[in-house]
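Scrolling down, you'll hit the structures one after another.
You will see two complexes here that share chain A, one where it goes with chain B and one where it goes with chain C.
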Partner chain A sequence: MSSTKPRDDRRAAWLFLLPVLVGFAVFYGYPAARGVWYSVTDYNMLNTATYVGAENYTKLLQDDQFWNAMLVTAWYVVLNIGSQTLLALGIATLMHRLTRSVVLRATLLLPWLVPNVTIGLLWMWLLDTNLGFVNQLLHTVGLGPVGFFTDETWAMPTVAGINTWAYTGYTALLLYAGMLQIPQYLYEGASIDGAGEWRMFRRITLPLLRPVLALVLVVSLIGSFQIFDTIAVTTKGGPVSATQVIYYFIYLQAFKYFHMGYAAAAAVFLALILGVLTAIQMRLLRASRSDLA
Partner chain B sequence: MTRRTFNPGRALAWVAMAVVIVVTVFPFWWMIRTALTPAADIYTDNASLLPEHPTLINFLRVLGLTSEAEARAAGGSGAHLDFAGYLWNSIVYCGLIAAVQTLFCAMAGYAFARLRFPGRDLVFAIVIAALMVPPIFTLLPNFILVKDLGWMNTMAGMVAPTILMTPFAVFFLRQFFLSLPRDVEEAAILDGNGPWGIFWRIALPMSRGPLITIGLTTTVWAWKDYLWPLLVGRDEENRLVTVALGVFLQQSPNTQPDWTGLMAASTLSVLPVLLLLVFVGKRLVQSLNFTGSK
Partner chain C sequence: MIRTSRVGAALLTLAVAAGVAACSSTTEEEPGAAVTLDYWLWDDNQKASYQQCADEFTKANPNITIKISQAAWNEYWQNLTTQIAAGDAPDVWTNQGSYYPQFVSSGQILDIQPYVTADKVDLSQYQGGLADLFTKGDQRFGLPKDWDTMALVYNTEHLKAQGIDAASLANLTWNPTDGGTFEQLIAKATVDEKGRNGLDPAFDKTKVKVFGYLPEWADGSQGQNGWGNLAASNGFTYLDKNPWGTQYKYDDPKLAQTIDWFKSLSAKGYAPALDKASTLSRDSLLNAGKGAITFAGSWMINSYLGEGAKLKFAFAPLPAGPQGRKTAINGLSDAIWAGTKHKDEAWKWVKFLGSADCQNIVGGNGVVFPAIKTASEKALAAHTAKGRDVKVFVDEAAAPGGTFFVPITEHGNEVSQLVQDAIQSAILGQSDSATALKKANDQVNALFK
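Coming up: the complex of A and B.
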């Protein structure tokens, strides 16, 4: 016997929602609208914002630094997502075929728990040109020293490598969780039929993991586009803007030069890219649920 | 009777796994090892796995437990450091955000899942749309807002944007409440409980798992926060560990950073999450199952 007359929890509901709605309105809705407004003004934190039309956007499109930032970000995303996804897939497969150990999984998760700032510092020390452990190691085999953060060609691959180190374990565990949903009998059957590990990976793991893999890939992409902390600590965009990613570009425009309007316009660009990616993510989320249910 | 035969493929796989673990753990080992090395030894003693003359002086000086002269003698720049204070700030920051945000988002998630009121689905859709707004976009206006409110360099300003809600937590908890069986709640209605009574006495206790999951995830993310607290909480008094590490690096001479001090401070920034991993590692690992296969 459920309720006989239609329930209306209006009063209670709005009280339940009050804190979240206030938080949403004040720190999401209002600033989002304000951000769009700033992007069409000359606001610099000291003046009263005046409407300047599309000026910030046209300037942005002609700004070499902006295009450099986009290019550098793209390079980072390719290096980071490429290496991270491949490694994570490999590690997840190893785990899945070898062990269910919680201790091992917790160990893989360790770098993910550590602030990016700490990770940046840690690797600055390990990769230090003169005293760093890695260069000492290279020295003993007759190589180097490599200026990992100071060499223009090396700086970005170094930053990408550091973040791959930090997030591969986490990504691997997400993929591993997806693999655990694949029915075990498929592997047993294939094994009886004499299939090797590589064949099982190609024919069972990869196809059945695809929805999860796609989701994890998009989530990592969204994160990757927003790289900031590691760069703010290690290279500060250098050497010669070689690592000046879009987030850092916006940060400099806003908080170093106080070009708030200009920075807001650049943020609109980034928001558009990320908005598309998030929309894809939500579709995949729905798709992956129906696939694995 | 089955005997395990030696399988070269499996052995190779274990070797690969061992390499992964070493690569994961070694940097942390090297961090702690450097933190335990006297600054004077850094040029000569940097090849062995253990320091030749282990010392705690680096920890003492970054915790602000030595005099300035002692800190200088041990390789410091002489700038005041108080990592005990920064750690405390970070713990307060994470605790506040995780506890309050989880409670409020659970309330909202429950209302969206269970209560009946006009406009429910529309309001939910609008709140969830915020998932599409990247943090950098709201960061600039929120900075100006906090500045205008006079909350710069206060804990209030630091926690303000995230303490009330994140769209993800609302979404996640609503999904969970939708999956709770209804019968218990309906029995409670017949017993004369109002919405608040049902939420507090029945729905919340039944959701311990997901609440802990979202609370832990929020704690970890808050622990890692850098850009926002850097912008609004630079002052010594409210400085978080991450911000303090950045400032420490800046104060330290470029040509010859205070590596032993920096690594001691880094170790301190890892310690709390390491404890978290030791005590609730199992839950953390399981929470990945949970969010990964929603």
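Coming up: the complex of A and C.
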């Protein structure tokens, strides 16, 4: 009786993992650790960082600007994710049920391929109060000019709308890919039984898409928290601080005021919040085993 | 995993900025050996002029080569700070009032007073007061290179069409109560869609075609492009002493009055309200014929009078307020990095930059007004030769008591954001001007405690 032990591959596995681990340690681990260290120091890039304990954090918790930034970011996420997901779901369903044209799918992706800064500049001109095309249109139908970027109530919905425009196609494509996994015979059966499109969408598409939808939702939610470039190009956090999102707040503290320690503390805080969201995401994914059995 | 990497990336930004990867390879050299000095500036319009200076300098000092690097305004300061943090800053760089105090406080700029004394540099050759902006106590952190003042810029055709005599713009008056002849001018220059001007009783302020005045509300803590000049002519001073004051006075009612006056322009339909304002620059709006008059700095001369301008523009002096005519004057300087390996060579270059030899070259190109008075005249002559009437900037700079320096203090960028937000919130009507400015002033002064 030969008793060959199963070969132990662990040593080889670590060897293969090594390059990635080194990259991870150098480019993520070390900077992250440094970031955490700076968050407990007084550091402005020009001095030597001195340890100040939790001072940055206590200051952060009392900083109205910081809480305003968190609130503004949350408002953006709600606006952006809400509109983006609904639109993407609609478009994906249309693509799935009506046409499967490759040209159409490619076209949908176009805005996503344009760099964010270009998108920001493009919309800044289109939506400008005085020279913008959109306000000219509004004017011809007799509506007054809207300060899309300068009116405090409009600024954030405008930014959210721009990013929705940019990312809907991409999100729709992800959802569409999820829909393709739903077996065609279900739809055929349902239509023989006399179900309409709306009923099929609610009874077949939505439930079976749930795992994909959950993934897409939470991934885009985290991405949405990191809104920066559109704001840096268009509103610069204004008017007053109506669009001063958390990333812009961190940017100002770090690279305008050179409060590196303080900015690092805000970044760590944000990382914690994103961590919580990640945990929720993990849970959602586990909980949503596919209903396709 | 995506999630982890994003969290990491958030922190990575900070760590990269901290200068993880930067290296310096400067070594000590024998005196007389070939030296290359790094020189930084941000204005691409000026790069060619300074390259000419560098060439002249190298001709006179064959062992020193100047390597000029130019980066856009925002990146300029980030790069500079990062490079300093990494111990590899340029030997000489161009400084500006809001940014340079932090480099002084952190000991990054070389005190050049000993050199100035030893080489007997004539500080009286510069436009009055400019040289003092870059001193702290008896230390000196740079020699002035240029200056700028403010004036009104207007669309000549539009004003003519509205029956406004251009000569009447030379003696405008202003006060915060009724706006003086300046407000009359703005009203006349404002036109609604039916062609009625702002003084017409039937003027429809909801349908304005051309605004008489275009305000700048993203104007930091200085209001150089608008409110600062009028507030100063109303008797407002920014702070206890300049440079290096520690007590701001944004709660001065004279400033609040000025802001209220600007607000009243929008209410009357003579200027776009902030929440209906364009995010584009005022010169593009003027070029598109959407506005008639605004404030312009002398650095904008080539934009308004150059080939790029779509319409015809001209400059007029600022209106005179209750305390007379006051224009903000601001200057740049060249500083030497305290950590440079080539202090003596860097000083030679800075001295050359601050000398008539270099400033005449720069002035002759008519891009900016050099700090040396005679070189400024060269710049004026260069503009006049091109048929550009820009005398008003020079006259205002020379008028006794007609200028004020924009504040140079610590925490410049934070003060800027706080005050700008306060003024915007007052303009938007979130708060009244006096309350908003009082609150901002308390926050500003708390920074200095």
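Remarks
Just so we're on the same page, the second predicted complex is superposed on the first by the 256 of 293 C-alpha atoms of A that agree within 3 Å, B and C clash if a C-alpha of one lies under 4 Å from a C-alpha of the other, contacts with A are read in each partner's own complex, and residues count from 1 in each chain.
The rule we apply is simple: contacts are C-beta pairs under 8 Å (C-beta built on N, C-alpha and C of every residue); 3 or more make two chains touch, one makes a residue touch a chain.
What you see is a predicted model; the values in this text were computed from it and never measured.
Considering which of chain B and chain C touches more of chain A, the answer is B.
In the superposed pair of complexes, A:144 makes contact with chain C only, with no contact to chain B. Of the two partner chains placed by superposition, only chain B is touched by A:109; chain C is not.
Once the two complexes are overlaid on the shared chain, A:83 sits clear of chain B and of chain C alike. When the shared chain is aligned, chain B and chain C each come close enough to touch A:268. Of the two partner chains, neither chain B nor chain C is touched by A:68. Using the contact criterion defined above for the overlaid structures, shared-chain residue A:27 touches chain B and also reaches chain C.
Annotation: chain A residues 27-32, 34-35, 38, 45, 124-125, 128, 131, 222, 226, 254-255, 260, 263-264, 267-268, 270-271, 274-275, 278 touch chain B in one complex and chain C in the other. Those residues of chain B that touch chain A in the shared complex are 9-10, 13-14, 16-17, 20-21, 23-25, 27-28, 30-31, 34, 42-43, 46-47, 104-105, 107-108, 110-112, 115-118, 120, 123, 126-127, 130-145, 160-165, 167, 170, 186, 189-190, 194-196, 199, 220, 223-227, 230-231, 241-242, 245-246, 249, 257, 259, 262-263, 266, 269-270, 273-274, 276-277, 281-282, 284-285, 288-289, 291-294. By the touch rule above, chain C contacts chain A in their complex via residues 2-20, 78, 81-82, 84-85, 102-103, 106, 108, 206, 218, 272-280, 284-285, 288, 290, 411, 413-414, 417, 421, 424-425, 428, 430. Those residues of chain A that touch chain B in the complex are listed here as 1-3, 6-10, 12-14, 16-17, 19-24, 26-32, 34-35, 38, 45, 90-91, 94-95, 97-99, 102-118, 121-126, 128, 131, 133, 136, 165, 169-170, 173-175, 177-178, 180-181, 197, 212, 216, 222, 226, 228-229, 232-233, 247, 250-251, 254-255, 260, 263-264, 267-268, 270-271, 274-275, 278-279, 282, 285, 288-289, 292. Chain contact summary for the complex, chain A toward chain C: residues 27-32, 34-36, 38, 43-47, 124-125, 128-131, 144-147, 149-152, 219, 222, 226, 234-236, 238-241, 252, 254-258, 260, 263-264, 267-268, 270-271, 274-275, 278, 281.
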